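After this come two complexes, each holding subunit A, first together with subunit B and then together with subunit C.
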Partner chain A sequence: MAFLQGLPLRPYQLLRLGHVAYGRFSNARYLSASALLHKSNSESNQQTAASRTTHFGFRDVPEDEKEELVRDVFSSVAKSYDVMNDVMSFGIHRIWKDHFVAKLDPGRRPGGEPLSVLDVAGGTGDIAFRMLDWATEIHNDHQSKVLVVDINDDMLKEGHKRSLATRYADGSRIEFKVQNAEVLDAVPDNSQDLYTVAFGIRNFTNIPAALRAAHRVLKPGGVFACLEFSKVNVGILDMIYQQYSFSVIPLMGQLVAADRDSYQYLVESIARFPSQKEFARMIQDAGFEVSGDGYEDLTFGVAAIHTGVKV
Partner chain B sequence: MRPRVPTNFSPCVRLLRRNYTYNAPIPNYPGHVPTNIFQKLFLAAGSGIYSFFDPTRGDLIATLGEATALPFLMERLRDRMLADPTGRRILRERPRITSSSLHIDQLLEYPENTIGRTYAEWLKREGVSPDTRAPVRYIDDEECAYVMQRYRECHDFYHAITGLPIIIEGEIALKMFEFANTAIPMTGIGAVLAPLRLKPKQRERLQTIYFPWAIKNGASAKPLINVYWEEILDRDVQKLREELGIEKPPDLRGLRKKRISRL
Partner chain C sequence: MSVLLRRPLVHLLKTQFSSALSRSYHSYDHLPYNPYTPSQEKILSSALKYVPEFGFVKQSLVQGCRDVGYLDTTHAVFQAGLFDLVKFHLYRERTKLAALKPQIDEEEGKSIGKRVRRYCIERLKGNELIISKWTEALAIMALPSNVPLALEELAKLSDEIWFLVDDKTADFDWYTKRASLAAVYSSTELYMTQDNSPSFEKTWEFLDCRLADVHNVGSKVSSLASWATFTGFASINLLKSQLSRG
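Presenting the complex of A and B:
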């Protein structure tokens, strides 16, 4: 059975983590050592945050400005966000999100405790509502809760508006908060069972910091899951996909949402995001255990689901 | 280590092995978005259909104008500017009209019947400001992009000296006038397709009064693109009309009011 460095998994976590291979302990990292290393790095980095530049799409911007720029992009796309997702991916994004939630299979198991799920950068609530519906309908779980955090208040307002039309309108199972994913100051340590981020992590200024924050807030045995655009793994399809992205999507943004620049940023940020293997490496560096490659490709790699477990 | 693909393989094989890197086209001027013919067609079709059903999207009308700006016709307009001394000066100095460059409140103090006063009064009456013109993005030639920008910014002046209001009928009549005067394709498209949205009485008014006026005056007038508006703000409007060869059309708002009061 599973004995992860002396931390036994709870029964419901064993059932849920059927896809995690427990045989990879030769690669297991010692959590405390790596966490300390990362802490000291970030302290020295803080002094130079303003002078260091990061990428914003294909532009280089000072690190402390990127957060504001990303917030502005999503403020301007908030209302038409879903329409644009449908137009850009021909509706396939719904299939991806459904598969993501089905794979995670959230929900209290018989004899187990209700889950506390943290959905990061989940402003409009797509994933949150899907998870609550899955838990309620498949597992008859009326107690698991989702905390939706996002850096952008407009997206959260959209999400809150939508929640009022669902059965979760009373707010007892879903909560919306403005938080920075790299800090998550309102979320206590070791408090969440499941951390999800769907199509948000490529916008973060400091992805390793966000991964470390994810590691902090998850309970031992908690699962980190990320659904994100990634690199298409077949050459010709990659060419067609990139041509389509750069030539058509910004123009569609102009027509549908009157905002070409935000969609130009979106396709550039997709191109900038690390490949599946690199990102799996980053997840491991943050202290998560991954199984196999650590990711699953969707639609030839247009999107990918990365998962990890906090040991 | 993966063996390197020899570069004398055909591009097809190279694509199968290596990751494709999209090379963004280089812009010709700040704010330029280079587009190929297919993208222009896509933009033209999309913005045309969208703005037909939702005419409040002014940015789409601008996009339609830029996507349909055939290089031949824009260059012809630019050459007409080059043929005139004032036009040449405008192309050299590249003036831009914004609310900060014009000082609208000062213009309201100008004497009656000056261009500046007429323009400022028209702006006030219609409730618009000169800052509502979007920058040109999809025209590839840098100079033609400026010509289009200049046309867009002077559009309000054309409204002011013809007296046509901002309501859709007035805009259509002015578009026909501009088409006859500048030959920019979007003005023609707007003038021909937009009346389909009008009521029969409005269309009749356009057909009998305003279109004949627009075509006659637009074709025979001197090119309005060559007028250096910023320099002649204190000149008399009627003198300018006589110089350019434009007659003032009947007051559209007055005609509409009369008809409504008669009903």
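Presenting the complex of A and C:
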């Protein structure tokens, strides 16, 4: 599919532009984004620093708009988030998340302190509940806390609603806050034992800034851990995977959640995310130390776990 | 000038692209490649101190992190978890051997066999403290995902020993020598886990028997090879003479 990445517009995008009433992004903002794009192409000499672009899926959008576009995607999928993940990964995302938590093995140990965990882009609490359960059941730890932050209030509301049905309903061990991962202004320096981000980091506008923020809030010795879609490392499987993600997933999104555009964005954002090695490099550039290659492939690299330690 | 420049430049490259510089060949001009950062070395060596007590378990790793001033969660950075602890032990004990070269060269003389035996013993002594827990490490190494790296480490040990006895083989023996020493070493290592004799006398006996086996087989193989070569050439010459006679 690589040859398609260079094209400014893909066929379905032309289709989308042609039908004004089609899909979520055919609203005023989307049209203004493409209008801006058009303008910046024809009058590039007028481009200023304020209109620097970043990628949103395969499209280039002004940096200040990406945040909102991403928010729209997740607002629209908040309620069907689990269904969406199940559809996209055949339910394997549950195994990946369990493995992720088991690998981090969070919890207070004999003679140790309770943990402060920051779960970034963790809106629906998927990872947070798993970590609390792990700490409680494996380490008999009833004190460690998780702060769930997300840029999207709808996702956090969904998470909060879910937390009311768990044993953490009183809110003493789990807290939900709207935060921009690139800033994290409500989280003090050197305050967290563990920073987790699962299937979130590829949606950030400025990943290096988010990594630096992670480095800032972690205590020395604190661990940055990221679970994210990555690059399949077996050629033939990659071909199958690309075919699957670009033809099947958007179609399933349309059928299951009546929202093709959000799913199209998700597969494009996965394709745009750096490879395992590049991302490990970015983690090191933010000041983290990694062990070995710094990552572990899951299911031939469909997803990968990256870790780094602040020293 | 180039000599003066080389080291700082290499040092700079090493900090920038540390993973890209794992050489697949030996260089006398450079320090051996160290895959561990100083903080990782500190954590893992202090974790190994807890292995005789707890074994190759998470608790040793967590205690190791704690002892050098890191957090309990720091252990999560080790991608392979406990296998990282095992690998570090293997790496550390293997790289210790080089420092013994002057002493072994002096004490064991020129005999390659004697020196190989001595290096094996020195390396096995590296397992002495943790021998009661070594079967746990073997179990971790036997996990399918860990087997390739565990075998690679064994191959590196075998290669290191042949290198240290100044073996300059450049023919097919290069492979057979390394393979047979790896087989001898790993079987002796396994024997050692069950050895209760004082100061592992039985293990050294076992090692001598295995080395003698290899020597016997080796000399038989080489006599077979010379016989085959001789017979081959003789047959060709016989054919030639028959053909030239018409």
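Here, the second predicted complex is superposed on the first by the 262 of 311 C-alpha atoms of A that agree within 3 Å, B and C clash if a C-alpha of one lies under 4 Å from a C-alpha of the other, contacts with A are read in each partner's own complex, and residues count from 1 in each chain.
What we mean here is this: a residue touches a chain if its C-beta (ideal position, glycine included) is under 8 Å from a C-beta of that chain, and two chains touch if they have at least 3 such contacts.
Since this is a predicted model, take the numbers as computed values, not measurements.
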Item to complete: With everything superposed onto subunit A, say whether subunit B and subunit C fit together or clash.
Response: fit
Item to complete: Check whether A:98 is in contact with subunit B, with subunit C, with both or with neither, and answer first, second, both or neither.
Response: neither
Item to complete: May I ask you to decide whether A:239 touches subunit B, subunit C, both, or neither, giving the answer as first, second, both or neither?
Response: first
Worksheet item: With the two structures laid over each other on chain A, which partner does A:64 touch: subunit B (first), subunit C (second), both, or neither?
Response: neither
Discussion item. Going by the contact rule set out at the top, does A:292 touch subunit B (first), subunit C (second), both, or neither?
Written reply: second
Worksheet item: Which of the two, subunit B or subunit C, is in touch with more residues of subunit A?
Response: C
Fill in: Which superposed partner A:189 touches (first subunit B, second subunit C, both, neither)
neither
Worksheet item: Should A:231 be classified as contacting the first partner (subunit B), the second (subunit C), both, or neither?
Response: first
Discussion item. So in the superposed three-chain picture, is A:248 touching just subunit B, just subunit C, both, or none of them (first/second/both/neither)?
Written reply: first
Discussion item. Just to be sure I read the superposition right, which of the two partners does A:137 touch: subunit B = first, subunit C = second, or both, or neither?
Written reply: neither
Worksheet item: Counting only touches as set out at the top, which of subunit B and subunit C does A:258 meet: first, second, both, neither?
Response: first
Worksheet entry | Smallest separation in angstrom, by C-alpha atoms, between subunit B and subunit C in the superposition | 11
Practice prompt. Go through subunit A and flag every residue that touches subunit B in one model and subunit C in the other.
Written response: none
Response to the item:
Touching subunit A in the complex, subunit C uses residues 19, 35, 37, 39-40, 58, 62, 65-66, 69-81, 84
Discussion item. Quick check on the complex: what are the subunit A residues that touch subunit B?
Written reply: 58, 231, 234-236, 238-239, 242-243, 245-248, 250-252, 254-255, 258, 260, 271
Item to complete: Could you please specify the touching residues of subunit A with respect to subunit C in the complex?
Response: 103-106, 108-109, 111-113, 115, 193-194, 219-223, 225, 289-296, 305, 307-309, 311
Worksheet item: Which of the residues in subunit B come into contact with subunit A in the complex?
Response: 15-20, 22, 24, 33, 35-36, 38-39, 42-43, 46-47, 50, 57, 59-60, 63, 137
